[in-house]
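Below: one structure in structure tokens.
We just call them A, B, C and D in the order they show up, numbering each chain from 1.
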Amino acid sequence: MTLQVGVLGYRFMGKAHANAMARLPMFFPDAPDIERSVLVGRDEEALNEAADRLGFDSISTDWENVVDDVDVFYNLGPNHVHAEPSIAALEAGTPVFCEKPLAPTLEDAERMAETARDAGDDVPAGCAFNYRFVPAIQYAKGLLEAGELGEIRHVRGRYLQDWLVDPEAPWSWRNDEEMAGSGALGDLGAHTVDLLRFLVGDDDLAGDIERLSGHLQTFVDERPAEGGDETRPVTVDDAYSAQLEFENGAMGTLEATRNATGHKNDHTIEIHGSKGSLKFSLERLNELELLREGDRGYETILVTDEDDPYVDHWWPPGHVIGWEHTFVHENYEFLSAVDEGGEFHPSFEDGLAAQRVLAAIEDSDERGEWVSLE
Amino acid sequence: MTLQVGVLGYRFMGKAHANAMARLPMFFPDAPDIERSVLVGRDEEALNEAADRLGFDSISTDWENVVDDVDVFYNLGPNHVHAEPSIAALEAGTPVFCEKPLAPTLEDAERMAETARDAGDDVPAGCAFNYRFVPAIQYAKGLLEAGELGEIRHVRGRYLQDWLVDPEAPWSWRNDEEMAGSGALGDLGAHTVDLLRFLVGDDDLAGDIERLSGHLQTFVDERPAEGGDETRPVTVDDAYSAQLEFENGAMGTLEATRNATGHKNDHTIEIHGSKGSLKFSLERLNELELLREGDRGYETILVTDEDDPYVDHWWPPGHVIGWEHTFVHENYEFLSAVDEGGEFHPSFEDGLAAQRVLAAIEDSDERGEWVSLE
Amino acid sequence: MTLQVGVLGYRFMGKAHANAMARLPMFFPDAPDIERSVLVGRDEEALNEAADRLGFDSISTDWENVVDDVDVFYNLGPNHVHAEPSIAALEAGTPVFCEKPLAPTLEDAERMAETARDAGDDVPAGCAFNYRFVPAIQYAKGLLEAGELGEIRHVRGRYLQDWLVDPEAPWSWRNDEEMAGSGALGDLGAHTVDLLRFLVGDDDLAGDIERLSGHLQTFVDERPAEGGDETRPVTVDDAYSAQLEFENGAMGTLEATRNATGHKNDHTIEIHGSKGSLKFSLERLNELELLREGDRGYETILVTDEDDPYVDHWWPPGHVIGWEHTFVHENYEFLSAVDEGGEFHPSFEDGLAAQRVLAAIEDSDERGEWVSLE
Amino acid sequence: MTLQVGVLGYRFMGKAHANAMARLPMFFPDAPDIERSVLVGRDEEALNEAADRLGFDSISTDWENVVDDVDVFYNLGPNHVHAEPSIAALEAGTPVFCEKPLAPTLEDAERMAETARDAGDDVPAGCAFNYRFVPAIQYAKGLLEAGELGEIRHVRGRYLQDWLVDPEAPWSWRNDEEMAGSGALGDLGAHTVDLLRFLVGDDDLAGDIERLSGHLQTFVDERPAEGGDETRPVTVDDAYSAQLEFENGAMGTLEATRNATGHKNDHTIEIHGSKGSLKFSLERLNELELLREGDRGYETILVTDEDDPYVDHWWPPGHVIGWEHTFVHENYEFLSAVDEGGEFHPSFEDGLAAQRVLAAIEDSDERGEWVSLE
């Protein structure tokens, strides 16, 4: 059986997922057969051009007609259109793969997760935190699970970009609370929170985040509207930071910003356990820096060996892969789960859990005090 | 018009080029339309499986029937089958894209280049030195051409792998002189020589390599034949080194080995000019280390900005690409040249020039003295 | 005139300062002449041995007799003996150089600073934050002051050690609140706070720290007493973290720990301004990573050129210096200030200012909310 | 007994050794007592100033009177005055510590080594290759000796400086063959050759260098004489390179230059053995990059632990040392050998062995062919 896939969204994420789907047959021959069936959006002309380029059979400007017509629904639109179409699809029994953050508000995320729960286990609802699918991250996960780093004491996550350093950089939907929910926090921080949950969330590592203190900041309050003399207000954060306390007492510090001059897509994770430490940086995503018990320093490991996660599908050792490959891996896993009726993580529940952390950070910032995540 | 492409070879290189061709429509929409028409090899069963996976319409076990039937012929077989099919194709007026090194012997390379010359300018004959098409290398080339590093004084190239460190690693065609021509020298050194010719070969940089001293070494003389108790002799080098003198007096040192424990695919180029310096390493291929006039140290540049070579076709700044993307770029350039009747470099002439250097290194090693490249 | 110097403390810091003083004549010939006159401590035997090794003329077990007898008094004892001898010396008109943190409690620090104020400008009272005197830090300070990084938006400071990862590591005075004041916070965090005040404290950079949120954690509650079966309680923090907001809205995150497996003395500072960024790491103290306006990446600068701060006193470019050299520089500056009657920074006021930040971090941790530094 | 030390030379090396001697009592209390007795040179005024600053009791302009008057003679003058005073001292039974390279010519070096041989074992004759005494190098040596890297297959050494990139950089004795012997080859290459002999010269590692091919180059033929309009000819090399073959078949490539734009004192050693690899770089001399059997990448080791070579004499882990500390270590070892009548390496024999390699490189360059050693 060939799965008919409907995709809402045809820009950055649309291209990343379309490419991923297109590459499955050559590199993951055991992936289910799929058809890029229908591309959904509002602007018919742009949609036609994109469908042609991205290899879709047809277009639609009406997601409501699509969500129960296809075998799988991808929601890759801006954050404020995550909830309704995803919910409608799940209610129609259609598996959904939704981009992160799950929703612009905690309420939306809760509704979405609830619908997913109601839809049942054979209707996978995935939240597309692609960085879980970096081979180096999967390799790190294996080491952590095997206890090679011991009990976790410190985690550190930061996501640094610089595209808003210039006060004259134009306004976009990402600067608007209604459409984006939040700024660096939701866009970048969501990735960090999910990765840390994935890596150290097990009870014998650090467990859940128990309480936190958050801080949000907007450096530039208004920005020029595109193509005009006017400005529009920036209603989201340019940057956030947070301090975490995990169940086991481990400490965490988080940060993300669009004002780190010179950094483009610098997502860095650092973990110190009682036996070892590791560092990962997205701009060098083929590498893991690892310090095991007995080591004297960090080993810089190129995670491209044949027996590293996913690597045997690609190229020989040392022939590095890129950012987009994480999408191939997550599409492979998600579509296989759809096909085989298995579980998929990160799920909507994972998306909701991350959202709760983001919401707690905002809440803490407003109240000026630590808040608990019950 | 859709170009019918015939491809000889379906293993590592076959996969790399098939993938590249498959990705053109989505990422390089102005590339010519092509069809992966026929896949050529000897083992029909393996061929069928590969054609299916790599998206070819048909298979053939007889390259002679293919070379004048298609619009473009890719020769991706082992080195000892580079010459005849390529020559036949060119004689039939079919453009050829041949993997490197151009040929196992200088004589073959000369015949191939001669045939390419005879075929004329509108029949492109390309030699697939893909590392020219790394964005960081193209960016470096631009800086060098603009004189930003001044006159070149030193170049250094090394290509380190470790898959033959273990004396029990099995024998393969790559250990056989007749099939491979040479070992690390041709397989790895060819890349280094081509890159240096590309980067500093201009007269106002370093010019041509004028003379050199070479050294070859085989550490393990025989290796176990696959699936048996016997051993087979290793008749090629495990490693080579060379010292170069360029036209302008610049000095070079080259090295490649399959015995650099811990190094997988570490191809590093370093250049010192009178005004600046640069370093590039294939395992971090998104980066260039650059020191310009007035700088106090090397800048570690992530060559992923929108205006960096080829990058606008892919992803936003900081979203790194992988090794395979170099094949997409070279396929784009080669097929465009075929389509538009333009020139393509690296050509068979470039392949021959690299081969001359490799041959001189072997010659020098045998004679124990410096040799000139007329 | 030769300055008679009295020094309390003969262990780690005693050795570091004695070495610094011993090296002045050869490397800083314009430093004032000094005599290592008297070494002060409690254990006469150990004191005699140390005085002999460290080049002191005499010993004393009674600091009260020393502080007004010498021309300069160095207080290098544990934190809980910082206040009384320093105050007595200043009251006697004797310049004081006191190790950091200035005192175990804010109250002590306030008394010390007040006494220093009363003693007047010609009685320098210095707090020995030696990392201000790393050439790379002084160089960075110059760049920041010149506006090369623009207005500051983010600062990040972390100080990672691992000597308490092992729960069986023995108890010492550094684990005791009464003697040490605090743990990682005072011992390591004091350095970070001082460096950040020094680097970005100017009004046109980030200004003062306005408010903060702090977090302290003790991972191991009791430790084996040295040489016995008993354990003693750990009454200080093993680690702290903090979020900062500066006057101009800049954000900061701080951290220090003795539980960062694999890190020995890793003090790292990162700063992002509207025009540029920098990174400094103590374990590579000869280097500064700098990104200026127009740069595409961080330059790794070896701050060892003749015109770099203090470097002309030492060796040619590229001949790196070590940790101890920072003590030579600060001793040179402090003793010159004593000799010439000039001002010296970091002063007791600077020590107090850092202490206020540390106290606010503890206060915030206890209250679970942000606190303001008036 | 206090050893009376006479030192010829009071510039760069004079300062480095005087500092080393001055620091022994505080950090190496078991070193023999010494007195910086007499400083030897030609310019009385400069000599007086230097003796005062460097802590010498007296001066002399006549080395002949000094060499048998003192207990130890340090020859730190320019290369062309290495031979006669050293020989005279040894003939008088005075131990000699001579800067590298041992002599400007192979003949001189042979005479010096012969005299040392004649003087007997209780008259140590040391050649001051200080880089053997970097803790990271000593640590590496231990690992190599213990067989942790297996049999050696590749070594690589380069020493990069840039102070002659500018054609207008003034002429000095270092550009003159008569005074310096050679250029980058003797000044820098001597260090590399000695380090490699030290590290891999054992028979079960790589053994001796058996044959080599060398290349010398002078980029700028004349340079402005200091303080005048005239130029003077450059009669030494600006750069050299070499290819080596060791007894066991291991390959080596060497290089040094004063034209590597942006590099100040970049001496890098890389070694690949059948079981592991290592890298060392002088500008980060506290670090060793090490890949052992079973490792997946290089560990970046900070060689500053208590049980690392020499480190217990200095500071706690992570408190890095500098370039000058290598002189303290070598002075400690040499003076201890003098005091205890023990052997000292690197000896004049070691200096001669290095010189033979340098001479062979020059010889090979002239003849344009490989040359054998002995």
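Methods note: a contact is a pair of C-beta atoms (placed from the backbone, for glycine too) under 8 Å apart; a residue touches a chain by one contact, two chains touch by 3 or more.
Note that the structure is predicted; figures quoted are calculated from it, not measured.
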Handout entry: Of B-C and C-D, whichever chain pair has more C-beta contact pairs
Key = C-D
Fill in the blank from the handout: Greatest centre-to-centre gap (Cα means) from chain C is with chain B
Handout entry: Chain centre separation in whole Å, for chain C relative to chain A (CA means)
Key = 41
Problem - Intercentroid distance (Cα basis), chain D paired with chain C, Å - result: 37
Completion exercise
Taking each chain's mean CA coordinate, chain B and chain C are separated, in whole Å, by 55
Problem - Residues of chain C engaged with two or more neighbouring chains - result: 263, 291, 295-298, 302, 305
Handout entry: chain B to chain C touching residues, read off their complex
Key = 290-291, 295-302, 305
Handout entry: Touch list for chain C against partner chain A, complex
Key = 149-150, 153-154, 156, 158, 160, 165, 213, 215, 217, 219, 239, 241-243, 245, 249, 251, 253, 255, 257, 259-263, 272-277, 291, 295-298, 368-370
Handout entry: Parts of chain A lying in touch with chain B, wherever the complex brings them together
Key = 12, 15-16, 18-19, 22-23, 25-27, 29, 53-55, 161, 163, 263-266, 282-286, 302, 304-305, 314-325
